[in-house]
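These are the structures in question, set out in turn.
Across the two complexes that follow, chain A remains constant while its partner is chain B and subsequently chain C.
== the complex of A and B ==
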């Protein structure tokens, strides 16, 4: 669990770099709320408070918009711990990924706070590609009212990159794809100079933390590969077969937090299946649900709903895979089960 | 429910229906309407009074007919009795309060499927005299209403910032971020779960009380 906290550090740095110190405060508030809720329940059961509560708090905060109001953070974190973890019996017994369930609750409860406005990121080091992109015919949402911080320090000197309503926009990469507008170029998606949730703007920073999880085997490799490869393949195939609204394999994978979800959310060891084949099926399910919800529904938050749906199927996938193995076992004389 | 207890007083019957065997948080009966009509306090009030009247009167009628009713067709007769009262309530509501009738939609007619009705008839009225059966039906309805009103109070306050349609001082203000999920059906699930959780941790069951 400590390794997961370590792996979120690059994303946390990216959040502060692009959106200001308020992001760190949001993470702190989410963690404090989660800790208080966890403590109240653990005291009743006489169990120790685990580090997992900080993982939930940090991951929950990193998938919120930078301008999220404080009461929304507190309600969401409390819901994540109490209703998606403690009521099922605490650590290790939750059906749904707590961070995602908390986000889902506030996403439906306070839709305006979570989807209406996004803070523009500070420009930081990578100005040249986005300057190209600032041509008037590109995407007007990205040009107006951006925080004037052309220094290499990004938003490190500011509390929030959105000091006023003119530094807000309604466009995220997924929103642009949905409305058929041009998406930011790949270099921008990689560096993270885009609007979006706090921790999931820069694909490179997510990859940095994600690969650390991948190499140290902290997160399950099968799930990560199944989710990402299925999503890449399906997007490539559908771009070739259908054309718009599909815009190639890379932009939807790199933008809008898909990578963050694949590395940090889908691999939650408690809510994911435990069997090898089950994990492959689970990853593919997530990718397929994400694709369908992102492209054919009114919600842009495809990954969130996809993950929660796949969480629901995880126990029955495990059950099916184990039953299949049992059926095959008698045919094989070598097994001693 | 257990067969008729040795001594049935009006007090024990009422207490049982209201608390120790409350239809909502002990027996978990009649949950469908809990989810459907609790988004506004006024809707809940009307629905609850309709259900209380129907439960009381059908329990009373079933109890009156219990000696002449053939055992093997008693379920059908009970259903017919309930349908009779439900239709009367539905028609009365449609005639005198058409607006509320439209708000509640099909749920007044669906009182007939409410498990509390059949539950009280089968568990109590079929083996007890009419007077106490009427009391038991009314008290069960009241127990159901109390929990539903509690849920609808919270839902309307958090979701709309009003109570009985009147804006509340703090919750209707611009600084109160309305909980949209409370107006939607998922809000009822969460509130019902919380209500059952709190009320069950407050008191003992009928079985525990006797022990």
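== the complex of A and C ==
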């Protein structure tokens, strides 16, 4: 669990670098709320509070928009801990990924707070060549405001990269793909000076933490590979066969937090299947649901719904795989004898 | 409208009934048996199969009854009574046939067949079929899709509850309480399919 916290540090840094110190405060509020809820239930069960609650708190906060209102953070974190973890018996017994369930709940309850406006990020070291996804009329206020957009320090000197409504936009990479507008170039997606949820804009920083999880085997390798490879392959295939709205394999995989979900969310060892074949199926299921929901549903948050759906089928996948093995095991000696 | 177009739209209606408009998780019909018979995967699969079969057959029968009998006679307001009679009669008939020709299947299904008579999802499917004015081929797709969606939800729920059996659920929430919370979280996931396919 400590390793997961360590692996989120690059993303946490990215959040502060691009969107200001408010992000850190959001993470702190989410963790504090989660801790209080967990403590109340653990006291009743007479169990110690585990550090897993901080993993949930951090992961939950990192997939919120930088301008998220405080009450939404608190309600979401409380829902995540109470209704998707504690009612099932606490640590290690949850069926749904708590962070994603919490986010899904506030996504449905407070749609405006979570989807309507996105803070423009600080430019940081990398000036983005495409200005397509920036609000043009916001430019004067943007440069005249507290943000010096060309500073190498990014938003490190500010509380929030969106001090006023001028620095807000409604466009995110996934939204752009959905409406058929040009997608930000790959270098921008890698660096992460784009609009989006605070901790998951930069594919490079996610990969840094994610590869650490991958190499130290903290996260399950089968799931990561199954999710990412299936998604890449399906996107490449459908771009070739169908064309728009599909825009090639790389942009949807690198953008909009897909990698963050694949490395940090899908690999939650409690809510994922326990069998090898089950994990492969689980990963493929996530990728397929993400693809369908992102491209065809009215919501852009494909990965979130896909993970919840895959979570709910994880136990039955495990059941099916073990039943299959049971059936095969007695059959094989029978045929040879 | 040619036949291939008809089959295409039936397929769309079928998938929409499974995912976008899952009868259990978006309209919350058929909750009673969903809550009581989802403790084990095996029984859930049994009941689910029975629901798929009965739902497909009764929506077809009810379609014929509605459009060929009630509408020409202009007594559409009798549809509630008629649909319930058709469903009950069909289930009774099937029960007798199975008992006569396949006693093992009859005993393995046990209580499930009579239970289906009072499953509101079956009647709900018949009424939706009327409201949305499905054609005959679309009705076949809709009946099968609704049944399959119901089965998918109850089997997934049974898997979850089997896994939960060893957990220490808070005392007041054991049984229906935790099942309703899980159903709510499942419905939260199914919201994601909104707009994927439109079932009219």
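Simple rule for what comes next: the second predicted complex is superposed on the first by the 309 of 337 C-alpha atoms of A that agree within 3 Å, B and C clash if a C-alpha of one lies under 4 Å from a C-alpha of the other, contacts with A are read in each partner's own complex, and residues count from 1 in each chain.
In this text, a contact is a pair of C-beta atoms (placed from the backbone, for glycine too) under 8 Å apart; a residue touches a chain by one contact, two chains touch by 3 or more.
Keep in mind that what you see is a predicted model, and the values were worked out from it rather than measured.
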- prompt: If chain A is used to align the two complexes, do chain B and chain C fit next to each other or clash?
  reply: fit
Query: If you stack the two complexes on chain A, which partner ends up touching A:24: first (chain B), second (chain C), both, or neither?
result: neither
Task: Check whether A:69 is in contact with chain B, with chain C, with both or with neither, and answer first, second, both or neither.
output: first
Message: Quick check on the superposed pair: does A:305 touch chain B, chain C, both, or neither? Answer first, second, both or neither.
response: second
- prompt: After superposition on the shared chain, which partner residues are touched by A:6: those of chain B (first), chain C (second), both, or neither?
  reply: neither
Field: Touching partner for A:108 - first (chain B), second (chain C), both, neither
entry: both
Query: More residues of chain A are touched by which chain, chain B or chain C?
result: C
Message: So in the superposed three-chain picture, is A:319 touching just chain B, just chain C, both, or none of them (first/second/both/neither)?
response: second
Message: Quick check on the superposed pair: does A:84 touch chain B, chain C, both, or neither? Answer first, second, both or neither.
response: second
Field: Vertex chain A, arms to chain B and chain C (CA centres, degrees, nearest 10)
entry: 40
Query: Between chain B (first) and chain C (second), which does A:229 come into contact with in this model arrangement: first, second, both, or neither?
result: neither
Statement: Shortest distance over all C-alpha pairs of chain B and chain C after overlay on A, integer Å, is 6
Query: Following superposition on chain A, which residues of chain A contact chain B and also contact chain C?
result: 83, 87, 105, 108
Message: List the residues on chain C that touch chain A in their complex, please.
response: 41, 155-156, 158-160, 162-164, 167-170, 173, 178, 181-182, 185-186, 188-197
- prompt: For chain B, which residues count as touching chain A in their complex?
  reply: 177, 179-182, 184, 186, 190, 193
Query: Which part of chain A faces chain B closely enough to touch in the complex?
result: 69, 71-72, 83, 87, 105, 108-111, 113
- request: Going by the contact rule at the top, pick out the chain A residues touching chain C in the complex.
  value: 44-45, 83-84, 86-90, 93, 95-96, 101, 104-105, 108, 289, 292-293, 296-299, 301-302, 304-306, 308-309, 311-313, 315-319
